[in-house]
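You will see two complexes here that share chain A, one where it goes with chain B and one where it goes with chain C.
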Partner chain A sequence: MRKDKFQNSMWAYLMIAPLVIGIGIFYIFPFFQNLYFSLTNLGAFGQFKYIGFKNYEKLMYDPKMYQALKNTFVYVLFSVPLGITCSTLVATMLNSKIKGLTIYRVLYFLPAVTMPTAIAMVWRWMYNKEFGLLNQFLNNFGFESRAWLSDPQTALYAVIVVAIWSNIGYNMVILLAGLQGIPKMYYEAAKIDGAGPVTCFFKITLPLLSPSLFFVTVMSFINSFQIFDLVFMMVNRTNPAFESSMTIVYFFYTNAFQMSERGYAAAIAVVLFIIIMAFTWIQLKLQKKLVNY
Partner chain B sequence: MKKIILSLLSLGLLTSLTGCGSDEKTTSSNKDKVLKLALWDANQKPVIESMISNFEKENPGVKVVVEITPFSQYWTKLETAATGGQLQDIFWINAPNFTKYAKANMILPIQDLVDNKSINKDSFPEGMIKMYTYDNKLMAAPKDIDTTALWYNKEIFDSLKLQYPNDNWTWNDMVTTAKEIKNKTGNYGLALGFAGQEDYYEIISQFGGRVISPDKKTSGFSDPNTIAAVKEIKELLDEKVIPSLGEIADTRSSDLFQSQKVAMTYSGSWMVKQYMKNEIIKDKVDLAKLPLKTKDAAIIHGLGYAIYSQTKHPEEAKKLVTYLSSKDSHDTQAKSGIVIPAYIESQEIWTESYPNLNLHGYSKMLPNGIEYPASLNTGKWEDVMNEYLNKVWMGELTPEKACEIINEKMNAILKEEV
Partner chain C sequence: MDNKKEKVFLHIVLITGVIFTLIPFIWMFLTSVKTLGESIQVPPVIFPSEFKWSNYKDVMATMPFMKFYYNTIAYTVVRTIGQIIFCSMAAYAFARIEFPFRNTIFLLLLAVLMVPGQIFLLPQYMIIQKLGLLNTLSGLIIPGLFSSFGTFLMRQFFMTLPKELEEAAIIDGCNHFQIYYKIMLPLVKPGIVALIIITALASWNQLMWPLIVNTSTDKMTLSAGLAALSGQHGTDYPLAMAGAILGVLPMLIMFIIFQKKFIEGMASTGIK
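So, the complex of A and B:
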């Protein structure tokens, strides 16, 4: 009996070994390495010296860090709630019986499997002042053309729109799975009691969808805090809107890879880690109050 | 038991599959010594590959693989590769990054090639040799030269019955013409790129100013001529003679020029091929040397081929670099018209590579060239300079105030370099 148990667990360990080793080498080890590097002056070509908490001290007085934090919070505050609302609406619509359902599902999911760089290129084209589709369309209604991505007042929001659009697909699939797990009989019972579609949505769909919604919310928060690729592709270094749309990871990137201040960049990464951890912890606390199981 | 057998079977299947894959690879790379060559300009790939295939014929057993990374990611990638000890055997280097790589011992000196006359120093402009000499040793073989000229669209000039820009033009001629075009057509007459080289670096030099002192120890932003140049550009922006920074960030000046939305623009010599590839404008455009302000000046920059200090095949890499810096290779480069060859004797061939273009507009500037502003940590002060100049272009700071801040911060950065 004991031998059998040992054999079973050995197989289990053997099976998860590739994953655990992979995570260990590529996630856990670099994480601690980064913690250490944040206390050094690591620069170009890997030479470094231990300098204690100087990087964090410098970070505390760096106005660019606060600008990046502010931008990132604006980004998260808009893209998470709007993104989830849109995905929920789309998922609910695609859960009904309409013609060409699979085609719609594919169409909404397509952005999720498209490379962010490709998405950014296409949207940059659409936002362009001289040749962009969006401005051509707005011109028809008498609005003047704007340089959406190089105007400090609109650039960040222009990126947020793209981010919401490209995330709908991924969130939708998870929510759709959640929706299909809700037994039909609840709706039938509610109908008999005289509930309309709106009441059904708020009293049955939403509460029973809350586990999926919770998962999607946590993931969206984490992903939004780490936004980089879209901003990087759409707002470059010489863009006048750079300062007003630079996110924390972008700030990290410029320091690590353009200025070769790797130690300082490591400190930025640690700060971002703490912020994300705090937010996730709050959400896990709220989970007990808001999520129905 | 059954499970174990099954898993063993599947494991065996997996290894046999991967085994097949690796076998195939080794056969092709076993004998050949492979040299990797890193570069960023896809336009130059065909020419470089034709030179390489000649080299491979002359040197059996050596294979050269070209790896292209777009310029915006090139230095990031190169630095990461260098940190990990995986730098390509031979790579393009430019002035802003040269000292950094040379100081970190990433480059194999090729002074021995100069000493044994494989590379003839006198065939190249002195400035280029100086640019790539570190610690009294030549570190990179000069590849090409780039400089800037004024491009114009003949069709727009014809339609307004204006005189084409010529080599006797002054700064004021250009500005008045640009204003006239703007007034008559509503489109911009002139566009600047706000990137440094090709625009404000050139204008600062023409005004007699400096970005950095010749000894690379102090900033040039306290020079009244430098400040005057910045002021002049700001005035052009205020009078809406040139597109704003925002408009250029949205659509680059070279794209505006290619879509005929602008009549004149400053363009580097590396743009010749791009413009001549464009079917819409290729017969409508020409160029002249930069208009004269206080003095004839243009930033001269050029690329070099550097060899990685830890390369596994230093002898073969040196052979390739020698071949690429020979007159034959520079002639091939010149005929393609892609870049101005660094080899002085080949430059004449280049100016005739496009008979319908006045390429002398570029070559005339070479004797008046000013070395590209660079130091050990070029990127750091460039970042400060761009940030505060952008504030001027956006109207958030006065030119005087911004130049004062740049001067102060740049000097602090330069002080750390010693």
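So, the complex of A and C:
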């Protein structure tokens, strides 16, 4: 019996070894290395000196960091609730016995499989001041053309619209799976009791959907804090709206790989890590109150 | 009667949503076959007078798209296969074998899952640089062969299998690797399909890692190549749109063929 146990453990270690070694070298070790780099003045050529918390001090007084934080928060605060509301609505509508369910599901999901780089290119063209589809459309209703992506007041929101557009499909699919797991008899019982569709939605659908909603919310939060591709492709460094739409990860990227301020970039990554951890922790606490299993 | 009205209303709302979803795709295609002149005409031309397919040839002449395809496919395929092997093997052990420190090691993997990727990026880049693998496919692929997420996902699937399976196999004299490989792996096919789809899609679309590791044009992926294209040809939108279509078409075709598997695969990331 003891020999069996020993053998089992040997097999287990052999089977997890490649993955654990790989994760160790490329993820766990880098995590600690990044923590250390954030305390150094690491630059482009690899030499570095320990400088204590100077990078963090510099971050505290860097107006660009505050701008990036603000932009990221605005981005998260708009894209997450709006995105989830839209996907919940679509999912609820698709959950009724309706013809063409598959076709709708496929079409709404299409943006989720499309390369963000390409998505950003098309939308940039649609937002174009002179030749863009959006302005042409709005002109019909008497609105003046705007340069949506190079106006500091609108650029960030223009990106948010694209982000919501591209995420609806993925959230919808997860919520739809959740909805289809709710037993139909609850609704039948409620109907007998005289409940209307609105009461049903708030008293049955929302509580029973809360685990899926929670998952989708947490994932959207984590992903939104890390938004990069769309902003990078739609608002470049020469754009007058660059500062007003640059997010934390974009700020990290600029410092790490364009200006080679790598110690500083490492500190930015640590701050992002702390923010995401804090938000995830708050959400897990809220989960106990809000989610019904 | 009331029910019928309700359904018509639902369809109208849903179709409006579909139109908003599709307009960018239609616009991408229509622009890609316009002349430069037509693309910047005011008021805009919706349908070009003649489909100018030569934009596709022209964009292929300015960018080595065949190389981009090759690099992206190599990156996607090797990375996906690597994850299937390493993640499923480890996931089996975590799900089905009791061994010392199992929970501690698994918690460590879970912790990695929760950390934003940017925190690994600089050190990963420097490791690849030290190994002399910048601007190579290996450098692009290696860190992505291992995934906490993949392990977590596969473990969920392995845990659903009944215990009797392995008890019977052990009596027949199988060791754990044989149980994993011969008995359990075929049974978690849905999990493997989900992992393939999620990893392939993420690899195909990924931007930041390819952008920083491979800066020479003939080692770029489609995603990074398109980023370069939009920088170089910022104003020639018909060419840019042709390039964008070349970048998304293979995945779009895959999606249309395997749409059911795609959607189920993505939905399974939300597994409780």
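Everything that follows uses one rule, which is that the second predicted complex is superposed on the first by the 268 of 293 C-alpha atoms of A that agree within 3 Å, B and C clash if a C-alpha of one lies under 4 Å from a C-alpha of the other, contacts with A are read in each partner's own complex, and residues count from 1 in each chain.
Everything below uses one rule, namely that contacts are C-beta pairs under 8 Å (C-beta built on N, C-alpha and C of every residue); 3 or more make two chains touch, one makes a residue touch a chain.
This structure is a prediction, so every number in the text was calculated from the model and none was measured.
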item: Contacts of A:Ile174 with chain B and chain C, given as first, second, both or neither; value: second
item: Contacts of A:Asn236 with chain B and chain C, given as first, second, both or neither; value: both
item: Partner chain(s) touched by A:Val74 [first = chain B, second = chain C, both, neither]; value: neither
item: Touched partner set for A:Leu206, first chain B, second chain C, both or neither; value: neither
item: Contacts of A:Phe257 with chain B and chain C, given as first, second, both or neither; value: both
item: Touching partner for A:Ala147 - first (chain B), second (chain C), both, neither; value: first
item: Of chain B and chain C, the chain that contacts the larger number of chain A residues; value: C
item: Touched partner set for A:Lys129, first chain B, second chain C, both or neither; value: first
item: First, second, both or neither for A:Gly46, with chain B first and chain C second; value: both
item: First, second, both or neither for A:Val106, with chain B first and chain C second; value: second
item: Contact residues common to both interfaces of chain A (with chain B and with chain C); value: 11, 46, 130-131, 236, 257
item: Touch list for chain A against partner chain B, complex; value: 11, 44-47, 127-131, 147, 149-151, 236-242, 254, 257-260
item: Chain B residues within the chain A interface of the complex; value: 3, 72, 76, 79-80, 82-83, 100, 104, 106, 194-195, 245-247, 249-251, 256, 259, 261, 379-380, 383, 386, 390, 393-394
item: Residues of chain A touching chain C in the complex; value: 5, 7-9, 11-16, 18-20, 22-23, 25-31, 33-34, 37, 46, 90, 93-94, 96, 98, 100, 102, 104-126, 130-131, 133, 136, 165, 168-170, 173-174, 176-178, 211-212, 215-216, 222, 225-226, 228-229, 232-233, 236, 249, 252-253, 256-257, 262, 265-266, 269-270, 272-273, 276-277, 280
item: Chain C residues touching chain A - in the complex, by the definition given at the top; value: 7, 10-11, 13-14, 17-18, 20-25, 27-28, 31, 39-44, 85-87, 89-90, 92-94, 97-100, 102, 105, 108-109, 112, 114-124, 126-127, 142-143, 145-146, 148, 151, 175-177, 180, 201, 204-205, 207-208, 212, 222-223, 226-227, 230-231, 237, 240-241, 243-245, 247-248, 251-252, 255-256, 259-260, 262-263, 266-267, 269-270, 272
